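Next, two complexes with subunit A in common: one pairs it with subunit B, the other with subunit C.
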Partner chain A sequence: MVTCSADGKPNTTVISQVYYVDETHVALSFQFFSKTIRNVRENPRAFVCVFDIAGQAHWALQLQFERSETTGPVFDAMDMQIEAIASMTGMSGIFKLRAADIYRVLSVERVQHPPWT
Partner chain B sequence: MDVSPNITELERKIAEVRILQRVSADINSTLDLDEICDIALRTMDELFAFHHANILILEPDNTTLRVIASRGYENQAVGGRVAVGTGVIGVVAQKRRMMHVSNLGQQRAYAAAQRREMEKSGRQAQLGDTIPVPGLPNAESQIAIPLIIRDDLIGVFSIESPVPRSFGDHDRDLVTIVANQIASAIHNARLYEERRVAAAALQEANASLEARVAERTAALERELRVAQALLKEARSRVEGPLLGDSAVASGLRETVARQARAVAPLLLTGPAGSGKEAVARAVHDASGRSGAFIFVSCAELNTHESLFANRFELASGGTVFLDGVHDLPPEVQRVLHVTLEEGQRRFLRGESSVPDVRVLASTTHDLREPPPGGFLPLFQLLAANRVMVAPLIDRREDIPALVDHFVRQHARRLGKVIDRVSPDSMRRLEAYTWPGNIRELKTVLERAVLVCKSTVLEVEGEQLNEALAVGSYRLVSPLGSGGMGEIWLATHRFLVRPAAVKLIRHDVAPGAAREQLVRRFEREAHVTAGLRSPHTVQLYDFGVNDTGSFYYVMEYLDGLDLHRLVTRFGPQAAERVITLMRQACRSLAEAHERGLVHRDIKPANLFVTRLGTEFDYLKVLDFGVVKEQQSSQDATMLSNQGMVQGTPAFMPPEIVMGEARIDGRADLYSLACAAYWALTAHTIFDATTPAQMLLQHVQARPIPPSKRSELSIPRQLETILMTCLEKDPANRPASALQLDQQLAQVRCEAAWTNERAREWWETHAPELLAGSS
Partner chain C sequence: MIPGKLVRFLEQYANVAYAGIRDRDLVPFGHRVCGWHVGADQRTMSILVPEEFRERLVDALLHNRELAVTVEEFPSHETYQFKGQYLHHRVAQSEDSEIVERVRRRFVKSLRPLYPEAPVDVLNAFVSPPAVVIEFEVLEIFLQTPGPGAGTRLVPPIES
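What follows is the complex of A and B.
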């Protein structure tokens, strides 16, 4: 996931999940990416590259941050999954969903290789 | 238009519906948990053609889930556990919400990467342990559904696949339908099991309750019989002493009428045997008080102050009679004095209507002259309302009425017909001084009735006072009587020690036959006197008295024989019976070694007593003496003498058959019969006539005692008893010592200790302990 601060400094990070919300929206988990979150709050645009292992494909998504949810079905489903993984791997208390950030999908593009390879 | 994909889809859906219909029918047709799980897992196979599914049940602690059925795992997952809140299944149970994950491996890898990063940056302390959970280690897709019935979580149903995104929304819906069926079926199966267990418990409780009710009923019936006997005996004691036309007798009757409604304590004075207890009972009977008349022998209460208080409680609403109140320990006298005084004060102040317990007391002390230092306060209080019960000598004109009453009473009890007392006898009775008062009169008449052979009662001069002696012993009061004679409490003329004297009647006229009989009696008495076992009753003396009766003098024992013990208190615990039997064995072993066979071992001849600090000390009575004479009697004689009333029930087959050679094993048979009686309160055979009983000893096999008692009888003990009851002596234990050793090996639920024996006596028969030592 690539974000950019208001003064133009980019930041790249690795995220575990891109949740499908509906045809025009995805959700990303807000756990502990402080720089990413700060950037998105300053500049709502983001770029995400998704690996689909089963489909052997990669997708590039242009996103626009819309809102942050701390309750509701999307938050609950994401929260349960994170808690299930955290409890098995000794990460309880560290892996904790603080919010589900909802993004509008501006574009989706299939790419042969991720841009950095 | 290409419709084939739609047709295929339609066929698939129809197949799914059929599978779901079948699973619904199958799963609801059973209440067996294993079968329910099997149907559910088989359905998963049919719907998805894969093999990874788990059914977990929430444990009663509500913190753990346990796999009860699984399919498709290399290592059988059944029995595996996961904590609520851990992993996909644990979180589903915690949140009670379904979870559908499609990229579990990816998420795990991400978490592992994060973990490594933290470890590298030195933040290990924040990390917990990784926890394995049941299921595929490389699962990518998983649907886990909580099994919920009426808001209660009962478990989790989970399916897994190693392939990412294996399950779509449609699959999730199908699994949800099956999970709901599973939850419902498991719930039904559990309810059914709970009810089955509850019904079984109820049935068991019912059976136990019925048994307890039956046991309690039997105990109550026994208590009732004992109470009735005591009541009857008490009534008979009331009647006599108030009879007669003398001024003394009229005065006593008036006193009774006057005192009956009074509430103040009443003190009865007068010499021993004058009838003070009878007057007290008459006062109680006429009082209309609903409670009991409780007799307290103060001389026996020296070390039992608490018992004294208990007796007062028993007398609530009735009367307590303190016999020999002068014997009360000073401390108890003080307590009683305070209690009586307080009761009187409250009564005078009108604080209570009537004192709850009427106190009557008796003393043989002469209160006309105070002792040096004056009366104790209790006596001052009691003496305020006192009545003198005069000695018999002062109411001599009542003697005919009293004689008539006691003769009728004894004749009725002994089953004799006596029309009158001869004039000479009556003159003797009226002329006699009666130092023992009415009690002595009653005793003399009892003995006279016992030996009387016609309808006219004769009382010879020697039967009065001086005649009531055998050898160096003076007879005090009768203790009992049987077919062959009577037993008296006696005291040595010079030594104070009490003794029991047995007088044996016979109908053999003077002459050679009688001489022979005397010699045999003497020979057997010599042998018996030589027995040294502490479990054999000691013989002090023997002889023939002036009236021609044989007598022998034995140590006097407090306690009761096994016959009375079981009659009064019912079947006894196996460990106690073993303890008693072993003591009898030791007595018999010595006798058998000397060639003496008892021949009449029966519960009435096994006397349970206290010897010093030892409780349940058993003494074998009636050893050998005149036994040969008895056994040579013909059957008619046996019947006439009442022998068949008890003894046939304990008679070994070889004696029944009249075998010439009888040895100690005959006693072992009888001892086993007695033990059988003690364990079950039944004789080994049920028979309505002596002949039937004797026949069964020869022919029938007894029912094992465990089948006739509600108490537990160790199998080992039963085997030993049944061996002793073998018809052929050769099949019984070879000796009493061998039997003793076998009994020592029997393991019981609890040991019969001296402490338990002491508790038993103190609880059940404290009155029998007081005087013994």
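What follows is the complex of A and C.
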């Protein structure tokens, strides 16, 4: 995930999941008070790239931060997924969901990998 | 200066990286990085970028020079972010392909337990060949391994 501060400094981070909310929204986890969280609250634009190993491609999403949710079905579903991911990756007790940050999807681009030769 | 411990991490263990830039309207973009190496003075770093990400990355860097690169070892999730300013770029050469090959071997080895049935070509293709090499001056380094310490600035050290 890439964000940018109001003074023009980009910030990149690895995130554990991009949660599908509906046709025009995704949710990202807010787990720690990070530079990413500060950036999207001063400059709401964000970029996320998800890897599609089987499809041999990346999906690039342009996003705009809309709101933060601390209760409700999206938060509950993400909380459960994060616990599962933490358990699978040996990070239990480290990953903890503070909020589900809801983003509007502005564009989606498929970036195909060239075939391996 | 990039500490020796981080140089070893970059050269021997890290297996995935991503570069972040922004355009003139402060819109951020991300670009997959297929290789990296540290300059001899340990003040600069070069990233190797595939063709599919080259144009937008170079255009943005020529405009504002701002670059952030996150490098991770999967599956341990040990992660660092290197922030700095673009110096120059050049077309990738054969020796750069050797760097990418080392990263590819580490990356495929890390993914194999998750995708035991995946054809090796599919996993290899995930690390694309390099098209361009971008050198930048590293001004700040942050710890980004998941956990409460994520985001701590390591270089320059925070004054106590």
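We take it that the second predicted complex is superposed on the first by the 103 of 117 C-alpha atoms of A that agree within 3 Å, B and C clash if a C-alpha of one lies under 4 Å from a C-alpha of the other, contacts with A are read in each partner's own complex, and residues count from 1 in each chain.
Just so we're on the same page, a contact is a pair of C-beta atoms (placed from the backbone, for glycine too) under 8 Å apart; a residue touches a chain by one contact, two chains touch by 3 or more.
This one's a predicted model, so the numbers in the text were calculated from it and none came from an experiment.
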item: Contacts of A:111 with subunit B and subunit C, given as first, second, both or neither; value: second
item: Touching partner for A:80 - first (subunit B), second (subunit C), both, neither; value: first
item: Which of subunit B and subunit C A:60 touches, first, second, both or neither; value: second
item: Contacts of A:94 with subunit B and subunit C, given as first, second, both or neither; value: both
item: Contacts of A:35 with subunit B and subunit C, given as first, second, both or neither; value: second
item: Touched partner set for A:45, first subunit B, second subunit C, both or neither; value: second
item: Subunit B or subunit C, by number of subunit A residues touched; value: C
item: Footprint overlap on subunit A, where subunit B in one structure and subunit C in the other make contact; value: 14, 16, 53-54, 89, 91, 94-95
item: Touching residues (chain side subunit B, partner subunit A) in the complex; value: 85-88, 90-92, 95, 97, 99, 101, 103-104, 106-108, 110-115, 118, 126-131, 133, 163-165
item: Residues on subunit A engaged by subunit C in the complex (per definition of touch); value: 1-4, 6, 8-14, 16, 31-32, 34-35, 43, 45-49, 51, 53-54, 56, 58, 60, 62, 89, 91, 94-95, 111-116
item: Subunit B-facing residues of subunit A, complex; value: 14, 16-17, 53-54, 76-77, 80-81, 83-95
item: Residues on subunit C engaged by subunit A in the complex (per definition of touch); value: 18-22, 26-30, 32, 50-53, 64, 66-70, 72, 75, 77, 79, 81, 83, 111, 115, 118, 121-126, 128-129, 142, 144, 146-148, 150-151
